[in-house]
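What follows is a structure written as structure tokens; I'll ask about it next.
Labels A, B and C are assigned to the chains in the order they are written; within every chain, residues are numbered from 1.
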């Protein structure tokens, strides 16, 4: 009964600690066989209300090491780094860069843990997976002496709640969930006037021309926002199941594609409307057919939505940790970050890269000003935090039932 | 007799010796993995990552998680996936037979250079990777693709690559048909056509002759071809992934791929693998029993 | 009768068009001037050599995929064919209950869907044989495992048709068992062994599921895995160029095999010549 008096977030965090302790306990360890030793460490979940300073799992690399040579391996989303940036980095450091890609954060963590992927640097993870990355000991602490451009980061993100002191992670880009659409197709933009905007996708006129994110939390949260619910980290099964059945209705109505490809499918004209990340539409410019008018791309920035930032992290098993630091620092440089933005679309998490600068230097079109995340918007967004295992499993169960049709 | 000239001990060692490397290979990389799947399906789950922790001792296996998955297959959300998969496979096999049988029949009746050329054309798809052939169709079926635009000329305006049952079934047919035509051809080619001539001479119509003689005599080929394409179709997920990628067309292979590769729930994936393998084993034994009966009747 | 035959020839012709024309169009689109794989924008070599970053010549990931596919295929042949041929001979002559068991196990991979084998191998490599890293070593083992049975079946079919008499004759003339195999059986088995090489090569380069389950990221992507991941994310006609090269390479390998085999048979007093070689390689009665 005590638990009722606890703030929910606090409760989640406590449960996380409890589970962590359980995982550490020798009885459970032996029950799981020797193989479970990797998963000790427990879940240390930071939330905006209860920020967390993560314990150091080892020493960072020493100061003043020379960058390694050879092949440098990056684990990243597809199309999430500008080939021109890669080329510039390769020629500056005399190395070759090899990119493996993942589609979802769960997939990435699974493959890193099983050894299916070996890489030096990881790009694109968010705080929703921070605790898992720590518990699996996948990431190593950073040595700030290699990150001379660290001060360029948005001041509010230099000390993020999920990793106080940025010991393991460096913010990369910021974005928000919203709805991307074509301004030149039959899309009813009047619904975007109010909160009902989230209902836009349930309109059967978009049948066969809509998409949602292949990211269980973003897509399920869209259903919740539509119903006026804002606890994006809820542990209430009924709420999540209701969101799942709403999504099933969405499938009945519009038969959407479920992927993370709206940044190319909307510009290509294969899709009229989709749940996507703000950066997707900014990236969409580069995927328009040659000569097309960028004003065909539109983005609805919902008043109530999720905001997030991706981060860089150096993997524990990195064989080229110095290069990994160098690459992070390379992208913290304002010019390089701007060059990268022209291709990946997502806004660099750098103080100097304001909306005005993006419009001015990178030519973000008028129609996509709504896709830019301003500091105010960023602060007011809901954050997806790392869920405790059984809550996360419940979310995934609902999602896999949904995808089973 | 050569067997007497060497001592039996030599004989006992020599042939097994030749078979040893291959037998060991199969034991280590086929039998052991099969057992591992069971150890994972009936094993434990890591409390944090939900990863499978295999239990190697069968006496310590626990079946509650597996029976939960089985319950879902029998009466839960996975039931529709299994039914859909079966429907797709049955439809695709039926369609393959309808298309493939006449072609194999035609091939078997050709002679000389013509037959060689036709056979060569039939073999080409074997040498073009399955994924390349799928890629070709993805290009054609996109909204602005050639096939979509062509079909629109006839007023057929469809979203082909978006949860379209027909696309998935035709994709399966397209992928696996070459594997059906050749065994069918082999069985028809061996057929004694004089029997049909005799039937015709005795007054049977051509359709009667076909029904009474050709079809029964090619039954073994049909059965073999059917099994040959139906089994891999049951495990197929990439055809569906490339041509549809929608919950509406989700097949059992997609769920296995999701649980084993994309999510951390390998235990569920392993259980589904077991369920699928058992289901297919039942289908196979049914086929083998039928085959034995057909053979007995024939002799 | 004639009427029906015309109908049949139409069906066959339509099937040939249906099965091959899409592939030809895909090949054609590798020469597209635009970025699209669906809308033709004029002829160019942009995606083969022209584009500085994304053409087949300049994109290292496409070349890596090609090399990986070929290395795996050749590696599979080198392991599978000797092991499989020996297993076939051993099983054919070693007729005990143990042999029957091995024979039964050997037939299982033929009827196991690839996803079952792929998932089982992945789980085994990540939980039990952790010394074998995912990527090329695991993929090679996977390819050998699923193609071993093809080799055994192919070689055994030839053994059955040959019968034991050649070997017995050699033994009667004083050859040891090993000599009888090396000097008599092996030459007689050559067509089946060559056919095995071809089958292993074809099934290895065609394989997607095992390669994908057992891959370790970009460095171990094969051509089919690359096609799969690229179709699902961004892709350009360079992908079509990659697929085209793969098709050309397989046909060249096939042609080379036929020529070499027909030469070999000619030199060893074989009768059939070119046609027989084609029949042997494709395992078909032409």
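By definition in this document, a residue touches a chain if its C-beta (ideal position, glycine included) is under 8 Å from a C-beta of that chain, and two chains touch if they have at least 3 such contacts.
Keep in mind that this is a model prediction, so the values were computed, not measured.
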Chain separated most widely from chain B, comparing mean CA positions: A
Interface ranked first by C-beta contact pairs: B-C
Between chain A and chain B, centroid-to-centroid distance (C-alpha), Å: 39
Chain B-chain C separation of Cα centroids, rounded to whole Å: 18
Chain A residues counted as touching two or more neighbouring chains: 35, 103, 111, 259
Contacts with two or more other chains, residues of chain C listed in rising order: 36, 122, 127, 232
Residues of chain B touching at least two other chains: 54, 142, 144, 245, 261
In the complex, chain A residues that touch chain C: 35, 71, 73, 75, 78-79, 83, 87, 96, 98-101, 103, 111, 114-119, 259, 261, 264, 287, 289-290
Residue numbers on chain A that touch chain B, as the complex places them: 19-20, 22-23, 28, 31-33, 35-36, 39, 42-43, 103-104, 106-107, 109-111, 113, 132, 135-136, 207-209, 251, 255-259, 269-270, 389, 393, 396, 400-405
Contacting residues of chain C [partner chain A, same complex]: 34-36, 53-54, 60-61, 122, 126-127, 130, 133-134, 215-219, 229, 232-234
Chain B-touching residues of chain C, taken from the complex the two chains share: 1, 4-5, 7-9, 11-12, 15-16, 18-20, 22-23, 25-26, 29, 36-39, 83-84, 86-87, 89-91, 93-94, 98-99, 102, 105-106, 108-109, 111-117, 119-124, 127-128, 141-142, 144-145, 148, 152, 167-168, 171-172, 177, 202, 205-206, 208-209, 213, 223-224, 227-228, 231-232, 239-240, 243, 246-247, 250-251, 254, 275, 278, 282, 284-286
Partner chain A, residues of chain B touching it in the complex: 44, 46-51, 53-55, 77-78, 80-81, 84, 142-144, 159, 162-163, 245-250, 254-255, 258-259, 261-265
